[in-house]
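This structure is in structure tokens; I'll ask about it shortly.
By written order: A, B, C and D. Residues from 1 in each chain.
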Amino acid sequence: MINNRIENLKQEVFEANIELVNQGLVIYTWGNVSAIDRESGLVIIKPSGVDYDVMKASDMVVIDLEGTIIEGKYKPSSDTPTHLAMYKEYDTIGSVVHTHSEWATSWAQARRAIPVYGTTHSDYFYGDILCTRELSKEEVNKDYELNTGLVMIQTLKENNKNPLELPGLIISNHGPFSWGETSQKAVHNAKVLDEIAKMAYRTEMLNPNIQPVNKYLLDKHYLRKHGASAYYGQVK
Amino acid sequence: MINNRIENLKQEVFEANIELVNQGLVIYTWGNVSAIDRESGLVIIKPSGVDYDVMKASDMVVIDLEGTIIEGKYKPSSDTPTHLAMYKEYDTIGSVVHTHSEWATSWAQARRAIPVYGTTHSDYFYGDILCTRELSKEEVNKDYELNTGLVMIQTLKENNKNPLELPGLIISNHGPFSWGETSQKAVHNAKVLDEIAKMAYRTEMLNPNIQPVNKYLLDKHYLRKHGASAYYGQVK
Amino acid sequence: MINNRIENLKQEVFEANIELVNQGLVIYTWGNVSAIDRESGLVIIKPSGVDYDVMKASDMVVIDLEGTIIEGKYKPSSDTPTHLAMYKEYDTIGSVVHTHSEWATSWAQARRAIPVYGTTHSDYFYGDILCTRELSKEEVNKDYELNTGLVMIQTLKENNKNPLELPGLIISNHGPFSWGETSQKAVHNAKVLDEIAKMAYRTEMLNPNIQPVNKYLLDKHYLRKHGASAYYGQVK
Amino acid sequence: MINNRIENLKQEVFEANIELVNQGLVIYTWGNVSAIDRESGLVIIKPSGVDYDVMKASDMVVIDLEGTIIEGKYKPSSDTPTHLAMYKEYDTIGSVVHTHSEWATSWAQARRAIPVYGTTHSDYFYGDILCTRELSKEEVNKDYELNTGLVMIQTLKENNKNPLELPGLIISNHGPFSWGETSQKAVHNAKVLDEIAKMAYRTEMLNPNIQPVNKYLLDKHYLRKHGASAYYGQVK
């Protein structure tokens, strides 16, 4: 029973990793997707440094929340401790995605949060797409990947953000992370984040004095798609 | 008889929605096309939040000009009241298109009209591609999608524009709408609008002091393709 | 005998027009290629406003140097007088290409020549890619397309340029023209011109104080590929 | 025995040249790959000016380290002396790649080194991607391609760089060179270099005051993938 769920999740995580390539968010080994089976506490994650064009669903690595390998012939992604920190802190998250997608990474390298410049952003992210502070030398030298997860959590908490309402952020100097209830949604959010990053860049070039949208427009767009009063899409 | 026309229009609207994806103007559910059968007053529109890769012609929703569903198992696009406002105001319009295409949306987020910087623009749009004013809190909170249509109409009227001579504009903070006599033309105009937006962006980067083209050049290009003196293309 | 040559040239011009689309230089009907058979003085050119996806080799229009249609069921491109002006002035030119390719058109709209910023430019264009002056109201209102050709010739002559050494330029407010001994070379030059325009744009963004390359570097690159001392490529 | 190795290397160099096109780094004949068989001292290189779409593995040219053609019906790439200079100076290099890839070439034309703005850069290049000084008139007029190689070596040496730790640089006014232990790695580095160049460009546009990353972050990322303490990827 667990095995069936885990096998399905391995297939799902594999496909989500491939979708990152198909969506133009990842080249070579520059990204990874994980997902968690909350009942068993097992996490499925991409193996480290394996090329996408030879990777198979059976190559996905099964670990527990402490990072111990439960099944799989490969080492898990070197970013594993970052993923696990998010799963431990937020039990609403079912999948975590990391990429070096070109536009979001440019904002990361500029060490800037992405302001809410329009309704595309408002449809998905309920506020600025935050940018973490830079890690200290100590945080980088010891437990770097864990500290990357901790600084994401710190950033969300200091800004009083529910991670499902802000399903992604930017790691300073590095690139974006996104998440969601499922790996499909987490990858979708990774794509949306990069599109928003691209349009925000061009918005600033076209109007260097541009200000974020009014709170009431953000509310309207976010809440017509999410939460109790949503009226976008079909009734589930 | 009506049924035949409506079935054909459903197929046409379906294909026009798919063409938005093929032209790179829409990802996920970020766009919609509608068309009107003027004789019956029935409007065909994309269903809300249905993925393009599973959508079929039979999923198109048939509504009347008040938005009442006449046929279809899905809810119509949440932007339906915007489309209907345009059909009611302008009886020359046969199809309306909305996208979040990347370049036009960047101008929308910058809250700027696109000046006429060249002949590509002049071949299709007889003047600046206008940008609507921002909606007030009241306009957003109540009847938002209707008010989006009304502010388009207000913008066209205040600038004395015939919608067929300016077959698209930009909604402040949001993205472009375009239209035409047929859905093929409306989608064509959506593509052209985004190309113009892209080249206008780069024009300003290359020459921050650039001014719009002379009125006589705009006239020449627009009128050699449109109206009684047109000589571009083949005799119909 | 003439007929054979003309039929071959129709096929060649057709394929060159399609190649513009394949190279990403043209969408819809935004471009045209012509070629001349010097012995008979006949010119083959794309018909006006015919979509690329339905166009056939047999749709190409055969005209003489005065623009009289010799063969073909369609009207020739509305830019025909521009092409003919170039063939009449320069008997070394075998083919002319016009596009609204996105980067070159942005420079055209910025009304700027493209300075020689590197060796890619120097490999093909022996000097700045010139930008024509703006046409006067009179020149636009009467014989606009002919005057577009004349201002190209004026620009080349005033700058003492041999058209085969500068196989393309930019029409102010409009877009690029390119040419060559054959339609393959003219299309090749259209593609190169757009790539150069793209990289020159980014060069200026990265270094607003950048200056053109030294004359000795331009000479080296242009002359190692062209003329008596060329040593690039294979011996013909 | 030598013949077998050389035949394999010809196939490998051919495929690496094609991969440049597939990765979008080269159009037309704007690039070349070579590789060396260290035991025999023979170098395989792309022929000069041969189109990629007709090129075959058997067209690759075999030369010795002095540039003498050992096998092959074509002239080798005109950039051959640049490649040979690198092989002679650095015996750890197994393959050299040259392209005019669009982003790296824009930095080359701007005559600027690419600062280390993030972890993508740090994962591959252990420091700024250097830009060579401009060549003098004498260096261009005589032995230009050799001098291009020599100025690369000068640049690496003056900055105390091990070429395997900085597997690429930018030739002022020209474009990038990259290298690696194998042709696959050298092409991989060419792609990475262009991606880094693209994101660095956008980083500066988003934040004109941006500074390079801290040395401890560069160390962390470079050293977790390279050298004795690497822990990224799978154990070989």
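Simple rule for what comes next: a residue touches a chain if its C-beta (ideal position, glycine included) is under 8 Å from a C-beta of that chain, and two chains touch if they have at least 3 such contacts.
All values reported here derive from a predicted model rather than from experimental measurement.
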Any chains in contact with both chain C and chain D?
none
Which chain has its C-alpha centroid at the greatest distance from the C-alpha centroid of chain D?
B
Which integer distance in Å separates the CA centroid of chain A from that of chain C?
47
For chain B paired with chain C, centre-to-centre distance based on mean C-alpha positions, whole Å:
33
Per-residue multi-chain contacts in chain C, two or more chains
205
So that we know how the chains sit together, what is the shape of their touch graph: line, ring, star, complete or other?
ring
Could you list each pair of chains that touch, in label order?
A-B, A-D, B-C, C-D
Contact footprint of chain A on chain B as seen in their complex:
27-30, 47-50, 74-75, 78, 100, 102-103, 105-112, 134-135, 137, 140-141, 144, 173-175, 201, 204-205
Interfacial residue positions of chain A with respect to chain B in the complex:
117-120, 188, 191-192, 195, 198-200, 202-203, 205-207, 210, 213-214, 216-217, 220, 224, 231-235
